[in-house]
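Two complexes, one shared chain (chain A), two partners (chain B, chain C).
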Partner chain A sequence: MRLGIVGAGQAACTLIAELIRGDFKGDILVFNGETHAPYQRPPLSKNWLKTSDDPTSLRLLPEPLETHPSIQWIQTSVQSLSPDQGLVTTDQGTYSVDHLVLATGTTAIKPSIPGLASESIHVIRTLDHALRLKKSLEGVTNITIIGAGFLAFELASSLADPSRTIRILAKGIRALPQVAVKTADRLVDQAPASIRVGVEIERFDETTKALVTNHGSIPTDLVIAAIGAQPNAELATACGLGSSDGIPVDEFMQTAHPKVSAIGEVSLHHQPHLNRIQRIESISEANDSASVCAKRLLGHPEPFQTIPWFWSDQGDAKLQIAGLCDRTDEETCLIESETELVMIRHQGQRVTAIEALNSAKEFMAARRLLDQGDLALDDLLQAGSVFARLQSSRS
Partner chain B sequence: MPQLTCINPNEQAIDVSFEPGETILQATYRAGVDGILAECGGGCSCATCHVILNGNWDGTLEEPSVQEADMLSFAVDPTPYSRLACQVRLTDQHEGLTLAVAKRQY
Partner chain C sequence: MSQWIEISTLNALADGAYERFEFDDVDVLVFREGEHVYAIEDLCTHDGAELCGGLYIDGEIECPRHGARFCVKTGQARSAPAYGKVSTFPIRIHEDGVIELQLDDA
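Coming up: the complex of A and B.
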C-alpha cells in the first residue's frame, strides 16, 4: 500500500509515528509544503519565542523516524487531488497513491486594516512567522496585539520586556471569552499588558505610527493579529470533500470518499464528549484523530472517543483545561487560593470542562473522570476537589 | 558527548548521547527511544513522558517541582524515582545515568 499524507504538522507526525510503530506494511509519501522539517507549534508563542532562536529544539520527529526508509519526504505544496484515480499533483510532478490522509491544518486569519499592508501584520502559526517576528522586534517599543484569546495572552507574556509596552485589543466585551469570567480575570490581572475591550479599529496612521480606534489613538510599532484561524480545506473542497468549515469525517476519520481521510485541526467530526460536530484546534485533537486514523489503516479500527484538553503558559502561570465548554456554560468556583484557581464549567448538573490554573492534579483528575464519562456538579462540590472525587470513585 | 542509558518498554538498552543543558526528553527523543509520547511537546502538561531513574543514582538531579510531582502522581504506576523526561535538565554529571521508559504512558 502506498499512503500519501498532505501536511507535516502534529497530526501528520503522530500518524507517521504510530504507523511505523505499528509495523505498517507500505510506503508513506509526505507532502510538506513548508521549507522546514516537521516542528512543534505550541512553543512558538510560549517559552521558545522568549528564549531561543534555534529551530532544531522544536523538532517534532526523532531522526530514526525522519530518515525511516519507508518514508519519502516531498518538500512541495500540493496543487490538486484526484481521489478516484488516487493522484496527487504538485509542481514537482504527479504522484500515485492508494490512500490519502489530509492533515492540512489551519491558516491564521489576518484582519484588514486600512493604511497597513497585510505583510506588515504579524501572525503566529508557523516557524517562519515566529522567526520573522523575532527579527522585527529590534527597536520596537509599542506592540499591539489584536485579539484577546489564549494566543494573545501567551504572546504578551513571551514578549514582555521593560523596554516594551504591550497592548491587547479585544473586539468583544471581554478578554478570554473561552474561559470562565473568574479565570479570565485572574489572567488579565497577571498579564504584562494593558487590555482594552470593545475596540473597533478604523485604520493605521502612518505619520503618527498609531492605530486609530474608537478608544482613541494607540501608538503602535508592531501589530500582531491573534484572531483565530481558518481550516485549509481548499484541496478537499475542490473535489467535493470539504467546505470553508473544514473536512467532514466519520468517527474513523474517513471522508465521504473511501480513499481519503482527514485528521487534525482541519477535520470536522462528531465530538462524543460534546455530542455535536465541531472542529477543534488543539494538540489533543491532532494526536487523537491521528491515532484513530492510524489504527484504521493498520487494520484495527477504533472510533474517536477521547475528550479534548488544552493548556496555555501565561508567564509563570499554567492554565490547563480538560473538556470543552460553550462560552455560555455556567461557571462555579471549586478551589481558589492566591496561586490556584479551579473553575467548573457546566450545563446544569452536567460538567463540561474544568479550568485549572496552577492546579495540575485537578486537571489530571478531571481528564480521568471526564474520560470515564461521570462528572456531576454536585458530586464535585461535595468532594471539594476533582482529585478527591476521583479518589472516591476508585475506592 | 556524555551518554546515558535508556531502557525502552521492550527492555532493550539504548545508549543516548546528550548535550549538557538539554532535557532527558530532548536527548531520548532525538535518539528515537520508543515509548515516550510527550503529547504536549515538553510543557509539563500531559504526563506522557514518564521515565523511571535507576534507584542507584546518587541524586545529583534537582527535586521535581510541585507541578511535576502533581502530574507524576497521575502517571501509570509512579515510583519514588519517577520523573517527567521534559523536566529533567542534564549536566555533565549525568554521564552514565540509567533510566527506564515507563511501560505505559496512559
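Coming up: the complex of A and C.
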C-alpha cells in the first residue's frame, strides 16, 4: 500500500510512529508544507520562546523514525486532491497513492484592525511565526496580546521582562473562560500582564502608537493576536469532503470517501466524552485520532473513545486538565494550597473534567479514572483527592 | 564494561513500586515487579521531564508532564507525545537478594 499523509505536524508524526511500530507494510509519502523538519508546537509559546533560539531542540521525531526507509518526505504544500483516482498534486508533480490521510491542522486567525497592516500583527502557530516574533522584540516596551485564552497567558509569561509592559485584552467578560473561575483567578493573579476584559478595538493610531479602544488608548509597539484558529480544510472542501468547520470523519477517522481519512485538529468527529461532534485543538486529540487511524490502517480497527486532556505552562504554573467540560459546568474545589489547586468540573454528580494546577499526580489519577468510566462528584469529595480515589478503585 | 554497583535488596523494594537512585551523571528509576527488577533513566524522551512521580501501572510508567507512557522493561515509548526509547540499564539480582546495576546503557 502507498499511503499519502498531507501535513507533517503532531498528528501526522504520531500516525507515522504508530504505523512503523505496527510494522506497516507499505510506503509512506509525507507532504510537509513547512520548510522545517517536523517540530513540536507547544514550546513555541512557552519556555522555548523565552530561553532558546535553537529550532533543533523542538524536533518531533527521533532519528530512527525520521529517516525510516519506508518514509519519503516531500517538502511542499499539496495544492489539490483527486480522491477517486488517488492523486495528490503539488508544485513538484502529481503523486499516486492508495489512501490519503489529511492532517493539515489549523491556521491562526488574524483580526482586522484599521490603521494596522495585517503583516504587523503577530500570531504564533508555526516555528517561522515564533522566530519572527523573537526578531521583532528588540526595543519593544509595550506588547498588547489580543485574546485571553491559554495561548495569551503563555505568551505573556514567556515574554515577561522588566523592560516590557504586557497587556492582555479580552473581548469577553472574563479571562480564561475555558477553566473554572477559581483556576482562572489563580492564573490571572500570577500573570505578568495587566488584563482588561470587555474590550472592543476600534483602530490603531500610528501617531500615538496606541490601540484606540472602548477602554481608552492602549500604548502598543507590538500586537500579538491569540484569538483562535480555523481548520485547514480547503483541500477536503474542494472535493466535497469538508467545510469551514473542519473535515467530518467517523469514529475510525474515515471521511465520506473510502480512500480519505482525516486526523488531528482539522478532523471533526463525535467526542464520546462530550457526547457531541466537536473539533478539538490539542496534542491529545492529535495523538489519539492518529492512533485510531493507525490501528485501522494496520487492520485492527478500534473506534475513537479516549478522554481529551490538555496542558498549559504559564511560567512556573503548570496547568493540566483531564477531560473536557462545557464552560457552564459547575465547579467544586477539591484541593487548595499555596501552590496547588485541584478543581472538579461537573454536571450534577457526573464529573466532566479535573483541572490540576501544579499537581501532576492528581491529573494522572484523573485521567486513569475518567478512562475507567463515569466518575461521581461525591466519591471524589469523600476520598479527599483524586489519587486516593484511584487507589481505592484499584484495591 | 562498567562496574556493577550495589543499589538495594529485593526485600527493600516494594513490589509494584519504584525508587529513584542518583548517580554523578544520571538519575535512575528502579522498578520491582515480583521477582523481576528493571532500571530506566529518569528522563522523558519527549521534553526531558523527570519520570519520577509518574504513575507506575501495568509495567508502564507515565510521564507526569504530558502523559507519555514507557515500558519499564524495554524502555520503549508506548504512547505519544514521546516516540523515542528511554535508556535502560542492566540489573542483576544475587541469590541473597542484593540488587546490582550497571550504568552502561543496554
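Operating definition for what follows: the second predicted complex is superposed on the first by the 395 of 395 C-alpha atoms of A that agree within 3 Å, B and C clash if a C-alpha of one lies under 4 Å from a C-alpha of the other, contacts with A are read in each partner's own complex, and residues count from 1 in each chain.
Quick note on the criterion: contacts are C-beta pairs under 8 Å (C-beta built on N, C-alpha and C of every residue); 3 or more make two chains touch, one makes a residue touch a chain.
Note that the structure is predicted; figures quoted are calculated from it, not measured.
After the overlay on chain A, what do you see for chain B versus chain C, clash or fit?
When both complexes are placed onto chain A, chain B and chain C end up clashing with one another.
Does the superposition put A:278 against chain B (first), chain C (second), both, or neither?
It touches nothing on chain B or chain C.
After the superposition on A, what does A:165 contact: first (chain B), second (chain C), both or neither?
Touch partners of A:165: none, neither chain B nor chain C.
Considering only touches as defined above, state whether A:361 meets chain B (first), chain C (second), both or neither.
Touch partners of A:361: chain B and chain C.
When the two structures are overlaid on chain A, which partner does A:65 contact: first (chain B), second (chain C), both, or neither?
both
With both complexes overlaid on chain A, does A:90 touch chain B (first), chain C (second), both or neither?
neither
One more residue to check, A:290. First (chain B), second (chain C), both or neither?
In the superposition, A:290 contacts chain C only.
Is A:13 in contact with chain B, with chain C, with both, or with neither (first, second, both, neither)?
Only chain C; A:13 stays clear of chain B.
Please write out, lowest number first, the residues of chain A touched by both chain B and chain C across the two complexes.
Shared contact residues on chain A (touching chain B in one complex, chain C in the other): 40, 43, 62, 65, 283-284, 287, 309, 311, 318, 360-361, 364-365, 368.
In their shared complex, at which residues does chain A touch chain C?
Listed in rising order, the residues of chain A that touch chain C are 10, 13-14, 17, 40, 43, 60-62, 65, 283-284, 287, 290-291, 309, 311, 318, 360-361, 363-365, 367-368.
Under the touch definition given earlier, write down the residues of chain B that touch chain A in their complex.
For chain B paired with chain A, touching residues are 26, 29-34, 39-47, 67, 70-71, 73-74.
In the complex of these two chains, what residues of chain A are touching chain B?
Residues 21, 40, 42-43, 46, 57, 59, 62-65, 283-284, 287, 309, 311, 313, 318, 320, 358-361, 364-365, 368.
Along chain C, where are the residues that touch chain A in the complex?
45, 47, 53-55, 57, 62, 64-67, 79-81, 83-84
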